[in-house]
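When the chains are written out, they are named A, B, C, D and E in that same order, and each has its own residue count from 1.
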Amino acid sequence: MTAGSNQTPLLEVRNLRVEFPTRRGTLVAVDDVSFSIAPGEVLGVVGESGAGKSLTGAAIIGLLEPPGRIAGGEVLLEGERIDNLPYERMRRIRGARIGAIFQDPLTSLNPLYSIGRQLVETIQTHLPLSAAEARKRAIDLLKEVGIPAAESRIDHYPHQFSGGMRQRVVIALALCANPRLIVADEPTTALDVSIQAQIIALLKRLCREHGTAVMLVTHDMGVIAETADRVAVMYAGRLAEIGPVRDVVKNASHPYTRGLMGSIPSLGVRSERLTQIDGAMPRLTAIPTGCAFNPRCPEAGQRCTVERPDLMPAGVTRAACWLYAPGGVGAALTREAANA
Amino acid sequence: KTFKWGNAGDVSSMDPYARQETFLLTFTQNIYDPLVRRDKNLKLEPALAVKWGQVDKNTWFFDLRPGVKFSDGTPFTADDVVFSLNRANGPGSNMGSNFASVKEIRKVSDLRVEVITKYPDPLLADKWAALGMMSKAWAEKNNAVNSADMTKNEENYATRNAMGTGPFMLKERRAGERTVLVPNPGWWDKPTHNLTEVIFTPIPNAATRVAAIKAGDIDMMYEVPPADTETLKRDPNIAVLEGPETRIVYLGMDQERNELVESSVKGKNPFKDKRVREAIYRSIDVDAIKRTVMRGQSFPTALMVAPGINGYMKDLDKRPALLKPDEAKKLLADAGYPQGFEVGMDCPNDRYVNDEKICQAVVAMLARIGIKVNLLAQTRNLYFAKILRKGDGSPGTTSLYMLGWSPAQTYDVHNVFEALIQTPNAATKKGMFNAGGYSNPELDKLADAMEQETDKTKRDAMIAAATKLYVNDYAYIPLHQQAVVWAARKNISLVQPADNSFPLRFVTIK
Amino acid sequence: MLAFVLRRLAQSVAVLLTVGVVAFFMFRYVGDPINAMVGQDTSLQERDELRQKLGLNDPAPIQFLRFIGNAAQGKFGLSYRTSEPVGRMILERMPATLELSFCAAMFSLLVGVPMGVYTGLYPRHWSSKLLQAVSLIGVSLPTFLVGILLILVFAVFLRLLPSFGRGETVDIGWWSTNFLTTKGLLALIMPSITLGLFQLTLIMRLVRSEMLEVMRTDFIKFARARGLSNRAINFGHALKNTLVPVITIAGLQLGAIIAFAVVTETVFAWPGMGQLFIQSVQFADIPVMAAYLMLIAFLFVVINVIVDLLYFLVDPRLRSQGGAARVSGH
Amino acid sequence: MPDTGVAVTRPPASGGKPLVRLSALKRYFDVSPPWLARVLERKPRAVVQAVAGVDIEIKKGETFSLVGESGCGKSTVARLVVGLYPPTDGSIEFDGNDMAHKRGAAEMAAIRRRMQMIFQDPFASLNPRWRVFDIIAEPIRAFKLASSAQDVRKRVDDLLRQVKLTPADGSKYPHEFSGGQRQRISIARALASRPEFLVCDEPTSALDVSVQAQILNLMMELQREHGLTYLFISHNLAVVYHISTRVGVMYLGRLVEVADTDMLFKRPKHPYTRMLLDTIPDLDMTGRQRSPVAGEVPSPINPPSGCAFHPRCPFANERCKRERPASIAIEGGLVACHAIEEGRLKIEDRSYGVRA
Amino acid sequence: MDWYRRAIDSDIWWSFKSSTTTVVAASVTLFIFAMAFLAPILAPHTPFDPATLSLSDGLRPPVLFSPEGDWSFPLGTDDQGRDVLSAIMYGTRLSLEVGFAAVIAAMLIGITLGLISGYVGGAIDAVIMRVADVQLTFPAILVALLIDGMVRGIISVKRHDEIAIYVVVGAIGLSFWVQYARTVRSSVMVEKNKEYVQAARVIGLSPMLIMVRHVLPNVTGPVMVIATINLGLAIITEATLSFLGVGLPSTEPSLGTLIRLGNDMLQSGDWWVSLFPGVTLAVLVLAVNLLGDWLRDALNPKLR
């Protein structure tokens, strides 16, 4: 399923490149990443720690922390380019058209203000409502995310809520102005196993009801499997594979994705050994030439060590792997690579 | 015309008997007239008493000035005098030492008071020239019959209030902040000043004080740091007044113990050897101290009394020539200290002008003849507690020290002999400030004799003989008279007496 | 809350008692007060009598009990130096010190906090770096030197400000204030700057580092993600979250300011408690020193309680916990 | 799905002698406000019953896992076992030795040597200022297991190789390693004293799935080679399913169910166990709606009366509110539930584990 | 050469190198330290030896500012005939000695108490922290005034000058320890719950050993930062104490004492006597503070 592949995408990311100037030279943390999200669609982004998932999200909402910067590519929201907007214009988009949810609900809320104040403040920033109306909306939102006795709890402070409740408040805050897109960066990782399911269910329901698209960053494949429509797999700052969830999970094309899926312990089969990908993801300072995965790839060919693959169709999904090049791994190098 | 002035410390009390301290006495005298006061040249002149003298050997009389009124309008009578003198000699007062000879004070008539002494005391009027007269009625009304008693936990009215017959009246007293005086319109004397208000402020930091007068925030200040004298003199708006003070600053040596308390020499006391004392004496270049440390603001001396004091012997005031270091070393070698020795020295650091720096200079000078001096400079109360004799007459803990002394009550040399030079004796209370315990029986005899002697020529002869004795013994090492340096804005004219007192009645503003 | 206040009170008593003990035993050694009390001619016997009368010859524990007993009744006796009741001497000088300290504290806060916020918000900007370096001067020059230099420049050369003292004061009851006259206000300027400069630097740097830290927290990031305006983020969220440590330090510093007034008051001939204390040390005026120290300890305790109460206002987490946890400062 | 492995059933470890036995183990934490506040505000003492009476026997060579929600006391059990906390009550026996028994330092060290711990956070569990070599050598030196410096070096090099690092890594500092590599260093350190029993408190939950697989494989390998016994703690049921022979489910300081792994996943009995199993996201269930556990974990300071799970339990009745259920042996495992005991709740095949 | 490469390679070195201010501050500090500690070799005179002083050399102006200057006294002399340059060199040395000693004293007290307080906790912790509270009641200046007074009283018989330096060091040290104790305590409370400390406990190391081997090295960062900043503060405090008359003796003046002695001459035209020591002090403290500043930021990973 590729929801709305023929509509104009809600969000389109083209050749995004994020760099960090460091003292040892520039570090490319996100490299040539392109994807799009349709209205109402849930795109899961997975990958190992440090693969560049959060940075991609941060780049989209324009909250890269200096010295990090978007060094190339563009981000379009409903056809409008937003990656080069001045701070003030981007600020008006944030919260209003793109909402965000971060990993840790414990630290995402300012401990010194009641949640009501934080809600009202956000609502009034984006919607022309009076204080009383804003408060009413805040209460409605709290009810919607399932906070019991919202009228009385609205004046409570964050520390008076449990982790799961706080994450609900955070979701309510992200929904304040009915954004079209929500970037959720690991919204359940910090939560208890039993609460995770509640939050995912809530997020899904809300998006369905509001027609909001979600970019769901996580490394929990279970969550993705259950929630996402499409999945993007990142490896060392690049997209390794992108495609409908079922195909990526079940019939991954990229050897990395296959390894990743295999190393997830599942209840179905038990073995003496889990499938494992040997080695570790390279550091961003030492990304090998060619395909970044080549040192760990069981199917790497000569071409993989020299030339970098772009996303190419591989069955239902698109994968950045020479296996799917017309000539396969063994095909002749392009002229540039051969000369290099 | 408002006259603003400052100095380092505040008047500690408004009670004229609270402390026997020059500043307090002269300040309160602006409010409280004494019976007999000193003029610009420190000569006695009539004040509340128009006539005084000895009826017989043991009786003094004071004839009071008629028609004098206190500033609250009540008349001043003999009752007030008797009351004041008794109060000054009473509990809480610090003036008791001026009454050592007094047996009885009695009112003869409203305008005459007589004092019976235990023994002839030719200096009584001198001693009392600093004693202001209070009002009996006022004191009784305000429960200030005695001076403040430290052991009781209560305040004394006279500590912050004052009411006398003097040229000024106390308008405002904020201890530590400022004290405001206004002229007394009913003063018996003809005012020589033209002030309408006097504001006194303590400014403890010398640099600030200098800045304040430069900035014109005050009209006059004293205790000008010697270092600043030159700049102040250069300031076209400021006049600097300097004159010698009667205080002599000198060094003393422990000649009493058989072993010094703080020295490398064990088993004997080098200071008991006159050669050692001479070597030290003649190695200290007082002129150099005058030039750099004191910036010219001192008057080197060879005697323990200053010019102007009764008994000062001008022809004896000659320091022997300085020794070259080898000569001094030879003297020391003769005395048995060819390598020199090490000794501790005590010095105050907030008592005399540049006291610590003088000591430092002395340390350097002695270092050159092989005497290594360890200097301990400290604040006055610690310093005095360390070096002075204890109540039982036992010596303080010092080997070499610096002191200053002025016979300020009597202006007579006998005070110096009695307090500093005579052999210490707890019973007779002589020599109690002779911290080094110098002792010369011959001199003791002369000093005792001069106390009773009323014939001036004979007495002068005794003084000369005694003076030669201690000079030749190198008993002390007199350094200098420190200068009294005042600075005033150019439009102020004032008188600077040699005793470091500052009578406001001589101030005029142009 | 009640428990908290009671605990603080108990602690205060403990602090005051400790200070009392320390004060007392230290004073036994600061020198012989008698020499400061009498003139040069006072005979040694008279000195001894006075010592006896003052009880200075009694055994230490007895002196201590007497001292504590009297202190508990607010009686610190008469000053050895001026024979005035110590309580009143200190009270009279208190307004001067407190007003000066208040102005110095205000100066350091009103200048230091904005400077800290600015340098914290734009840590890489050259002007921040400049401000930071310049502010270091506040801790690189001894207070007395700063004071004298100020006097030389503004009083002696420019003649803009009075060189010393409180200028004109107005009495309101026993409290004499500088705030009601122009001269009084002018007189406050240089001493306040001198006294506050050091604290200014501290506060600025504290606010800066707290700001830097707060600006990196998730809730600030989240506030940005919600699209709040910079104003709301910087001042509403960031600044308020730096307040707790700032209050702690500012509170402690207020105590330090009052104590440091000793130097400033000496330089500016400011008739306050600090100057009184220094004179008392010089003259071994034990009753004044004791009372002053007890007062400083008391003020410190009061400031501490106020600081703690402020925490309650600022931080809701403490409110519900009953103030058991005190956020530790740096 | 890549079907790489063969389904194997681990050898049932029963029959062996228990290496570790925890009996009626309790650990309370006093979290009361200060005395004065308690008196004035009439607050009672507050005590967290982190572990409220746990009986576990772990046999030689087996892997016993503890699962449960955050705060149920898993880590506390782990710490009690290795002696980081003294128990409030109950006893811990290691190979027949009661740990509470007083003994000499040498004897104590001899027992301590035989049990080690692997911690959760690979970033916090290595001293950032020490070289890897020194970190691994520390237990060797502390227990004096090597006679010379060369011996130490040799052993450290061996250990590094065992955990698939190279001896050259010894001279580096921890920050130069990735999370997975650090966890290997932790394991090497734990193995340095040649222990028989390893307590692993969530050793992989801070790691990525691909790294997690490496670590789990390594652990299983080491177990096979050295006959190690594990107490394994995790909240990831899938991991637990893979590594353990027996599983204990904890809820608010108590064990609610203990069973052999296969049995637990095939026929879970306690309603809480069933709920936990329900929350496991599974790759096969794309698009499926999980049924989340209702409600949240209650406070361990005021645990609910009776069966602590009753406020969240769909099968709770009056008795559950009143009376705490005792453990009953059933189908080779232990369960503490009235509903099961009374037969109100049917035990059914839920086929979580075996879906062949 | 291993350590050398590692040092050159480290973040700290890099952040050091990339901050011009810091490099300048470090050079200045090094220069002043060298001047101070090599004073016996470099200084043209020995100002602490009174035998070499001559009043006749008194108050020479500095050569560059007045023709009356004498090249053997490049920065002029004070009223005792002391060479200002040499006095500054020796005085700086003394000030640094006082500063370092005071900071080390404070560190010893503070770290020990902080470690105990943090690691042991409970009643001992409460007592130590209350003592710290009381200590805070007495700011440095008051503590120093009191200790000085007390010591002078107790040992008035002995030579005070010899112990003056210990008094000043003790007084400053005593008033600074609280900061260390608090910092170390809170670091220890964080550190002792870190898993690597628990790992050490599982091995069965004694608390003492754990504290020294594991906890202590990890609190050095914040302690170093405080120490650097305190060094400047200690030097200033010593100067202020000298100003109040309870500092080091004037025969062997520290920078502070030099300033105090010259202070009286500030307005008299003999400005060099206090100005040069004043500038030296300000530059030294400023440089040390800049270093401390940089160190604080460099060691704080959150700010990198």
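Here is the rule we go by: a contact is a pair of C-beta atoms (placed from the backbone, for glycine too) under 8 Å apart; a residue touches a chain by one contact, two chains touch by 3 or more.
As the structure is a prediction and not an experimental result, all values here were calculated from the model.
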Those chains that touch subunit E and also touch subunit B are C
Higher-contact pair (C-beta pairs counted), D-E versus A-C
A-C
Between subunit C and subunit D, tell me the centre distance in angstrom, where each centre is the average of that chain's C-alpha atoms.
55
Taking each chain's centre as the mean of its CA atoms, how far is subunit A from subunit C in angstrom?
54
Averaging C-alpha coordinates per chain, one finds the centres of subunit A and subunit D separated by a number of Å equal to 32
Chain centre separation (subunit B, subunit C; CA means) in Å:
39
Multi-partner residues of subunit D (at least 2 other chains):
none
Provide the list of subunit C residues touching at least two other chains, using ranges where the numbers run on.
30-31, 148, 152, 156, 266, 278, 281-282
In subunit A, residues with contacts to at least two other chains
none
Spell out the residues on subunit C that touch subunit E in their complex, using ranges where they run on.
11, 14-15, 18-19, 22, 26, 28-31, 123, 129, 132-133, 136-137, 139-145, 148, 152, 156, 205, 209, 212-213, 216, 252, 255-256, 259-260, 262-263, 266, 278, 281-282, 293, 296-297, 300-301, 304, 328-330
Show which residues of subunit A lie in contact with subunit C when the two form their complex.
61, 63, 91-96, 99-100, 102, 104, 107-114, 121-122, 125-126, 157, 159-160, 170, 173-174, 176-177
Could you please specify the touching residues of subunit C with respect to subunit B in the complex?
30-48, 50, 53-55, 70, 75, 77-78, 80-85, 88-89, 92-93, 96, 148, 151-152, 155-156, 159, 162-166, 176, 266-269, 271, 275-276, 278-279, 281-284
Can you name the residues of subunit A that touch subunit D in the complex?
48-49, 162, 164-165, 192-198, 200-201, 219-223, 225-226, 245-246, 249-250, 258-278, 280-281
Interface with subunit E, subunit D side, in the complex: residues 79, 82-84, 108-109, 112, 115-117, 119-121, 124-129, 138-139, 142-143, 186, 189, 193
